[in-house]
Amino acid sequence: MFEDTAVAFDTVAKAAATPEAKQPYRELGMTEDEYLRVREILGRRPSSSELAMYSVMWSEHCSYKSSRVHLKQFGEKAPKTAALLVGPGENAGVVDVGEGLAVTFKVESHNHPSYVEPYQGAATGVGGIVRDILTMGARPIAVMDPLRFGPAEAPDTARVLPGVVAGVGGYGNCLGVPNIGGEIVFDPCYLGNPLVNALCVGVMRADEIKLAKAPGPGNQVILFGARTGGDGIGGASVLASATFDEDGPAKRPSVQVGDPFMEKVLIECCLEIFAADLVVGIQDLGAAGLTCSTTELAAAGTGGMDVWLDRAPLRDSTLTPEEVLMSESQERMMAVVEPAKVEAFLAVCEKWDVTATALGEVTDTGRLRMWWHGEVIVDVPPRTLAHEGPVYNRPFARPEWQDALQADVPTAARLRRPASADELRETLVNLVGSPNLADKTWALEQYDHRVQGNTVLGHGEDSGMVRLDAALPGTSLGVALSTDGNGRFAKLDPYAGAQLALAEAYRNVAATGARPLAVTDCLNFGSPEDPDVMWQFAEACRGLADACLELGTPVTGGNVSFYNQTGEVNIHPTPVVGVLGVIDDVDRRTRSAFEREGEILLLLGD
Amino acid sequence: MPARIGVVTFPGTLDDQQALRAAAAVGAEPVALWHKDRDLHQVDAVVLPGGFSYGDYLRAGAIARFSPVMDTIIDAARGGLPVLGICNGFQVLCEAHLLEGAMIRNGDLHFINRDVALRIENNRTAWTSDYEAGAQAVIPIKNVDGRFVADERTLDALEAEGRVLARYLANPNGAARDIAGITNAAGNVVGLMPHPEYAIDELTGPAGFIENRRVPGTDGLPFFTSILKSLVSA
Amino acid sequence: MARVLVDVMLKPEILDPQGQAVQRALPRMGFDSVTNVRQGKRFELELADADPATLRATAEQMAEKLLANTVIEDFKVTVLPADAGDTDNRAESA
Amino acid sequence: MARVLVDVMLKPEILDPQGQAVQRALPRMGFDSVTNVRQGKRFELELADADPATLRATAEQMAEKLLANTVIEDFKVTVLPADAGDTDNRAESA
């Protein structure tokens, strides 16, 4: 078996010797143009491992090829603010909150996996965003989960919603990161495509921010955490099938299963490693796994890295190198460590019973090279994978139906107002009983909002708020967070809809007494190949960027999720916006409930 | 010299920092204990905190019970060392057979995080002497395997010997006879599913109007003041 | 009355954190010959008036629809002979 | 390499909320002949170099000490014959 693969697998030498070999780039989701560009970059055809890497790094998910031209505005129009320590581009943005502390936060989507397997999809969504925050050097101190489902009474919602809620809770509770808020919204447009967004916030000392880079030739590249299995490599099977001719490849899982216990241990292990100053660069393994972590670390460092890929500890010994490169197994991290500190690094991993393996070394060759049992299978300039992917100016145009939609104002005849006290009461009861306004306790009770002991505002409040005690014991400094989004508003007018989402989150944060500082966003849209959707997306970005400039709060990071559609039908454009604010003294926060008798009610604004 | 309260960290423990904070809040010296270390570092009492030790993957507390530190704690507890197991810690004490019974999945099978009202049934233990007999306390629960079960004979014995420590006023999970906590016969080993360490201040504890009553958020403190006093007077 | 067992295991390619936790714990307790552990679920079902001819098919449907999550799990149905005693029946063991 | 199954079920007198939930759900899905459901755990263990003579005893010790909580659970050990295929072996079924 092993000899067979050794004979059959593709190498750089073979790629150079067999330029005409046919390659399944289309099956991997690449266009012919993209494939030809890879050949041009390399001056030969890619090896199958290289092809796997380019296909995944240049995918929409990793390269933002359709959204990039619009997201640019967030940087270009960004208000000048002294608080911004790390902007978009890193794993998560970082803002200075005073007292020597920095806070990092970001929202991400895990929509499609959560439809296939609601529990694991949602669980691994939480796991992924928490690792992003951890990677910045921060202790994760809170999560939030903006969710969208189909109609409450639809049978499939009865499958998806309980699974998603249990998954968000099951993973987050086991990590010991409090859940301090989120949203649960029902609308028919999400029936076949629920939205599971997850936000995490972390805190660290401002002088201890960690970045995803691999500087310093000779430094060791260490993979640690869970072993690599065949998770999330559906696409790679077309490469594998060329290798296993008779029996076909072993079965590959269609779903990633999370191991929150492993992630909890990984968090503590990493924080101990950070505290002892044992890494010069670090990256989590999320989408595109080892491919993404090695290329991003190398591209941001001295520009070169050698990797002995067969050293990666495997859960499934039948994995091919292409599959190892594309595996999205959860709960893995990659660190760059100076040789003199490797021993101390491994000792911390040992203390926490975390498997750690030196896999590679930083070089100054400008090339990312990988070996598999002695043969070179990858030899590429890493920047071409990480930063020089294709960029598309996809066509967009205001949908033909937009005017009609906006003109469709409910008339008094169609939307009858209650005329009597009884009708008024009935309207109120209907409103209170409607799924979108109903009490969400059933879900919220499944989330631990108290763990860590710093939750000052939790469920039931307009914003969550946590004290930053984890990084500065005894401090009264805190952060408030709110997420909001309204797909119906955004469908009527994506520009204003995005702004309204921001304004609501901003108000929620301000109402607690915190000062809004920074914005993160998760842009959930339909197919970017549809000009209507692309217009919605462009408008939403423009609206959000303009509003951020107006309010003086920069977007520090976020996530784009395209292809949210059922068949040809796209979801409502759903920009979900998270706002983070800072409060100097959490004791002085304002709750949304009336606190005592005799309080005076004031209405501000008109 | 202040009393030293040790708090054990197993892999997957979540509430160790909060338990240390509670110990400090009452003026004890908090001491972190590590699961691989058999040495208890001269602590006067031990808290086994909440969390998901080893992911609770086999059964809650089942694997943690075999940690090196537990070998020492089991012996010391039999010799009279005060031990409080909270949530996962209670589960560890049951698995170690320092306390009777076991914990199974909550009645509705979900994780439940709720502020629940308890009645303190036994205020003669090292950990509850600062409560009035029959006192009510609002303390959060947060668990998924929190439903206490035991066979009828054991339950009858617990009742007869006054070893039911606290009961839920409104049973959240189907626990047998509304039991939220129990004690061993000597009163030094106590297990409690709710989390008194999360009810130690107004800012972060369950404060406000709960179960038709104004609650200060500090209803869990007496667990820690009790042990401090019993150590000083010992 | 008919009795049926449904055993549900994670598919071999799916990560099994529970089995792994047990696997790591056993050697620490002196059981060092264990090389692999997978943890699954077992359901014991009792059915009334079940037609023996359709019993297996019914149980398989229940497993398929509810007892197993076939995205990540496989299942096996065992129809117990009518005269089988309690399930802790050592006779099944080798 | 030897293979052993350990099946762990709650004792009959202990409440089984998971089994009950399944029992309540099945009739709603049209399976109305189900009169009782109990849910337990199944462990598949692989052991290296296990002396067949002591295999059962070893597995019983593992079950007794760790895999089952004998306060509330019973267990059953099944040593699989050396030549058994994968566990999804329908031959075990009636």
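By letter and in written order, the chains are A, B, C and D; residue numbering begins at 1 in each of them.
Rule of thumb we're sticking to: contacts are C-beta pairs under 8 Å (C-beta built on N, C-alpha and C of every residue); 3 or more make two chains touch, one makes a residue touch a chain.
All figures in this text were calculated on a predicted structure; none of them were measured in a lab.
The interface with the greater number of C-beta contacts, when A-B is set against B-D, is A-B. Distance between chain centres (mean CA atoms), chain A to chain D: 39 Å. Averaged C-alpha coordinates put the centre of chain A at 36 Å from the centre of chain C.
The mean-CA centres of chain B and chain D are about 32 angstrom from one another, to the nearest whole unit. Annotation for chain B: residues 54-55, 57-58, 63, 66 touch two or more other chains. Counting partner chains per residue, chain A shows two or more touched chains at residues 259, 261-262, 353. Counting partners per residue, chain C has 17, 20-22, 25, 29, 39 as the residues that reach two or more other chains. Here the touching chains pair up as A-B, A-C, B-C, B-D, C-D.
Interface residues of chain D, counted against chain C in their complex, comprise 1, 7-9, 19, 22, 25-26, 29, 31, 33-50, 56, 58, 61-62, 65-67, 74, 76-81, 87-90, 92-94. On the side of chain B, the complex with chain A involves touching residues 11-12, 14-15, 17-18, 21, 51-52, 54-57, 110-114, 140, 142, 144, 195, 197-198, 203-204, 208.
Chain A meets chain C in the complex at residues 116-117, 120, 226, 229-231, 250-257, 259, 261-262, 315-316, 329-330, 353. Listing the residues of chain A that touch chain B in their complex gives 166, 169-170, 173-176, 259-262, 264-265, 352-353, 444-456, 467, 586-587, 593, 595.
Within the complex formed with chain C, the residues of chain B that make contact are 54-55, 57-58, 63, 66.
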